[in-house]
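Listed after this line are the structures, all set down as structure tokens.
Shared between the two complexes below is chain A, which pairs with chain B and chain C, respectively.
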Partner chain A sequence: MEIKRNPLSRLTKKNEFYLFLVLIVLSTFLAISNPKFLRLENIFDLLRNNTFLGIVALGELVVLISGGIDVSFTAIATIAQYIMGFIISTYYIDNILVAILLPIPIGIALGAINGLLVYYTRVHPVIITISTLNAFYGLLIFLSKGTWIYNFPPSFRRFAQLKLITLVNERGIKYGLSIFTGIWIVVAIITWLILKYFPIGRKIYAIGGNLEAARRAGFNIFRTQLFVYCYIGALSGLAAFVHAQLTQMIQPNAIVGRELDVIAAAILGGASVFGGSGSVAGAVMGVLLIAVIKNGLILMKLPAYWHQVVMGAIIIIAASISALQRKIKAKRESVSVG
Partner chain B sequence: MIEISAFLDLRNISKYYSGVIALDKVDFRVEEGEIHGLVGENGSGKSTLVKIITGVVQPEEGAIIEIKGERVHNLTPFEAFKRGIHVVHQDLSLFPNLSVAENIVSHLYLEKKNSFINWAKVRKQAHEVLRKLDLDMDLDAIVGDLRIADQQLVAICRAIASDAKMLILDEPTSSLTWREVERLFHFINSLKKRGISVIFISHRLSEVLEISDKVTVLRNGVNVGTFSKEELDENRLVSLMTGKSIIFQKKMKSVENREVILKIENLTRKGQYENINFSLYKGEILGIIGPRGSGRTELATSLFGLNPPDSGKIFFEGKEVKIKNNMEAVKLGIAYVPENRILQGLVLDHSIENNIAITNLGKISNKYGLIDKDLKRSLSIEALKEFRIKAQDVELAVKTLSGGNQQKVVLAKWILTSPKILILDSPTNGIDVGAKESIHNLIKELAEKGMSIILISDEESEVLYNCSRIIVMKEGKILGEYNPESLSEKSLRKIIQQVGENGDQEKSFEQIN
Partner chain C sequence: MRKKFSVILLILGLLMVLFFTVAQAKSYEIAVVVKIAGIPWFNRMAEGVKKAAKELGVNAYLVGPSTADPAAQVQMVEDLITRGVDALCVVPNDAKSLIPVFQKAKSQGIVVLTHESPFETTAVDWDIETIDSVEYGKLPINAIVRKLVESGEKYTEDNPAGFVMLVGSLTVPLHNYWADVAVEYAKTNFPFLKELTTRLPTAESVADSRAAVLDLITTYGDKLKAVIGWGSLGPIGAAQAVQEKGLQDEIIVVGSAIPSTVVPYLQSGAVDYAQLWDPADAGYAMVYIAKQMLEGKTIESGMEIPRMGPISINGKVISVNQIKMMWTADDAASLGF
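Then we have the complex of A and B:
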């Protein structure tokens, strides 16, 4: 006879629950030490500035759940961004839809290369995507010679100012919830829907949990893996657009190097490098956690080199906590056997 | 003449793995509505045949596969599923990270019409499947958290979740209790009435004979023959499988020199077991038998430091000890071989040699503390012989071994550590009769040399013929201690079964005792 677990105990078993607590505690702590932190203005800013991280972390989440990993997305984003910027500035295409929609298929195509290589070579995806990271990025630097792009048409500049909600602060300055935060939210909802309500999403969890079992169950592994790498490719393309909007210039070396932030956010959020676990809520909170910590460091006026130390410490703590959880779980399992 | 049509007709099936002939020109035919037993020693090719029928591996050239009279080329798992062939693989092949409900109805994701998942429907359908087997399980539990027997039930449920034309069960019962097996058999018989074919694989030959209409015997990848049930009995089956006949089993004498090595006083862990008292003598084999949920495994893990008791005392060689973790247990000289061996005991991608070496570093190190490769190799080769592990070489990855042979590797790696106390949890589940006998002999030999062994088992005959004392547990309590010499297999089964039906009947057991 099985004992039914009660819903509360189920909740407290969830990673997201603890993440949420940590986020609340940290925010309270920051708000006490610096009241500016909880100002809506600061929060809106924080969300806007982390859109790039937030969107690609959702893509990385999907890859991690499938049991893979992608470190090449920064190069994919860079290429997508550069081609888009080059086209709209050279031909002066004053249409924001082109700027949004151009990088996405580029990202998908590059993601498909990863997917094909992972499926056919059966080499570990870390190796594959480190190679494609270097190949993609090297090619771009060679072709672009490292030149920057910044002469964008007006629609490109105007779009960056769009707000979903506009408010005015006590000094009469307008601020608001950026359109980019809206994009992030939409992507999060789409990712959640895919993972929870579409067969492809469940197959992604299945292959991450037990690849051989998924094959034996008749699931199409090729299509699932291809989807996963194309999905992060598409999101890298979209995030590349957002990034170009936020900075209003395109530098070939601006994005590459941020891989670890993204993977750390996804893993903080409960995804595992062993595959099979992770959730959208977790990935969003993972990004927020990293954002809040970085923001706190800035508000506390700590020198920049401390940021790196703190980030490193966080990754170590997050990794040890999940390792510890696995150990406890393994122990519990070994006891319940029989 | 009545025409019986074959659902499945395989001819000339061979499968080679880098030098190993897993199957050698096997013909195999299963009629519609037939329950077909498949037996053979560990590594004789049963699972390989199953994998070929389900499209998981491809046979060598020249093979002919016909399903319902239609020749099939390049069978894939999806194709096999579509043709109604559903399977419980020996390693279960479940998704440990997903819920019970989702595992059971995961085939829904194969159907094109289900483009959006209705979770209420998932739970409802899964619930209906559980009802077919009269099971009660938490649908939302994560499969990886379940005990092995429950995982087996989930895998069975998954195989019967959608309408099958053929159900293949590769050792589905190795961890199930008699009652669950009974329910499964009842269900299989109902399938038969509806014209569904069943292939049933098990090392419990009595079960095979009970349920099957026909039995096919494989030996070393060769089909020795297909026999109707009437032509067979257990002895005949064993001699067909092994080329030898069963040796008459003798019961153990109780040990004369009653030197207590382990004494348990009032050991309690809430919700698992209560007030456990017993002593273990030096050089004896103590059997613990009881239905699933009786607390036997939990008790064993407590003795190994994995599951600390709430109260009570443990005396080891006369001194009170607290075993806080498994390191301390190993230091005292206690070894534990868990039931869920494949998951817990092995690194599947590593070689047999390395898997055995890891628990026996002391034995294979030279005077500088470095590993001596020759010692490592000879120890492993020794193990292959003693445990009758069927493998070409000790350098092969453990995952290339058959299910039963993987289990033998785990047994070997722990027994070779020569502990003072060896706790074995269902050590011969999934192991063929021949190897079973040699493992039993080995255990007895070890006991004669002074090792004390706790043998946990589901099988009445196993404890009866290998133990000098038997403890029956139920719902966390010890119901009684029995002397095997005064019991028969039947009377022991009766004790356990009655215990299962009704806990108040303890008195009558004392009379039997």
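Then we have the complex of A and C:
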């Protein structure tokens, strides 16, 4: 018998719906305790400050859906950022396009190393990418001696101020929707298109859901895995550019160590470490949730000692809701099958 | 003929090896073990160690683990004890975890010194500081007061000037000690200064400090008059946030910063005052004190370290006051690191 589904019940089955609810409740709560939270200026700043997290979380999402995991993206981003910074500051290349386009192929190349290792060794990707994280990062520290780069050409400094929408606050200072937020939105749309409408997207879900079944169905596992790790590599490169823009300083040790924030955001957004599930909307909301919490903690004037406690608690709550959601869904499916 | 020649060569060679071993044995071996090798801060310290080795005629060198990992550092110290060095100078990652190996070193007659660890001195001969930590905590407050007075605004207890502090993390002992000193000093001497919120743990990252200060500006608006960054990236991040909001004349940014990185911010006025010590001084001072001890000299207040002036002693802490103060871009640029 066909079960009649109304749109609302379909919506409540979605993990993203609950995440959205948490986000709304949290924002309302923050807005009541400090009305400045809802000001456009604060929201624009919040979006801009979390672009790095947002872009790499989309890459991690794709890897998680494929049943893999990548923890080496911080090292990839660092290397891509460092080589870019070194070249543009040493040769003083005053061209922003070079700065944007240089880190991406570097990221893809390093991602390809991960992809090849994961496919050919069949060792769990956590082990592979922890190893490559250490190898990539160690090599960079050895070669760079940890030196910081901070003398960038003018175009590099100017680009950081570009805005898609410009407004003026009451003190006459310009603020607005940063170009980087724009980049994040574009990356989110591209990732969504790839996952939803491109054949490779179907393959990513298929190998993440059941690798053996996908293999027997004739999917090319190698190409799919290679694509996935190159994709997060490319996004790490792009995010590395954004990070360098935001800080105007490249330190080899600034990004490494942030792996968990990103993985937490993706998992918070409903991606499963077992592969096969996850969505772009979820990953974006996962990042927003973390961003709102971080922003809100200061706005609520809470002492810093409590920041990590609150952060941990909210991640646990959100993750439990999505786990519960999945459990109910699994139960329903097994009932309908039985 | 040929055989004879090679025998002579062999004997000569052996003699030379012997000679060098003896010559080597005469100079003391002093190992400086840092938190992590290969970062600019400790590369600068290595310069001071090298200089001391050359000037004092000792075999001094700087080593460190590849990650700032307490366990790796303990292992490294352990290896150096086995190797039989004469003195160990350590910049600890975790002072507590080093206590057992320090005790072992001392039982073998090895001189043990630390740096940046004035609060955990049970197992060491001396801790050496190139700054007076109390002074270091007070100076940024003085800088803020000076800037507030210059601005011409009047602040009172009812109309206070708010400030916020950024530390590396809530567990970095020195950062939090300076922060405690600053709060106490401000409370007793300048009641018109008010700490708006407890210290934030962001000062080891430009991005985090920048984001935190943007949030602080949103939260406190024009109540926020000053930011103190105790970690060397705090003031840089704060300066970027302040610059972005066009508040460089309204918000005073002070604190620790590596001179070469803070030059552009002192120039633009986003950072108002920066301070630090020179790690090369610390490297030199450790090797210098180690050599004095190995020669059996007693360490007492008033003893001079070349170019650093007389030392003062407080418990097991030896200090010279070499705080480098930077009010202008020229001050910072002239320090050369």
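For this structure, a couple of remarks:
In this text, the second predicted complex is superposed on the first by the 318 of 338 C-alpha atoms of A that agree within 3 Å, B and C clash if a C-alpha of one lies under 4 Å from a C-alpha of the other, contacts with A are read in each partner's own complex, and residues count from 1 in each chain.
Everything below uses one rule, namely that contacts are C-beta pairs under 8 Å (C-beta built on N, C-alpha and C of every residue); 3 or more make two chains touch, one makes a residue touch a chain.
From a predicted model like this one, the values you see are computed outputs, not experimental measurements.
Of the two partner chains, chain C is the only one touched by A:295; chain B is not.
After overlaying the two complexes on the shared chain, residue contacts for A:146 are found with chain C alone; chain B is out of touch.
When the two complexes are overlaid on their common chain A, residue A:305 makes contact with chain C while staying clear of chain B. Judged by the touch definition given at the top, the superposed model places A:216 against chain B, while chain C stays out of reach.
Of the two partner chains placed around the shared chain by superposition, neither chain B nor chain C is touched by A:97. Shared-chain residue A:246: touches chain C; no touch with chain B. For chain A in complex with chain B, the residues that touch the partner chain are 1-5, 10, 196-199, 202-203, 205-206, 208-210, 212-220, 276-277, 329, 331-338.
Note for the complex: chain A touches chain C at residues 34, 36, 39, 41-42, 45, 49, 52, 138, 141-142, 145-148, 150, 171-173, 175, 243, 246-249, 251, 253-254, 294-295, 298-299, 301, 303-305, 307. Of all residues in chain B, those touching chain A in their complex are 54, 56, 76-78, 80-81, 87, 89, 92-98, 102, 106-110, 114-117, 136-138, 140-141, 144-150, 292-293, 296-298, 300-301, 306-307, 338-340, 344, 425-426, 456.
For chain C in complex with chain A, the touching residues are 38-40, 43, 66, 170, 196-201, 205-207, 210-212, 214-216, 218-219, 221, 233, 236-237, 240, 245-247, 261, 264.
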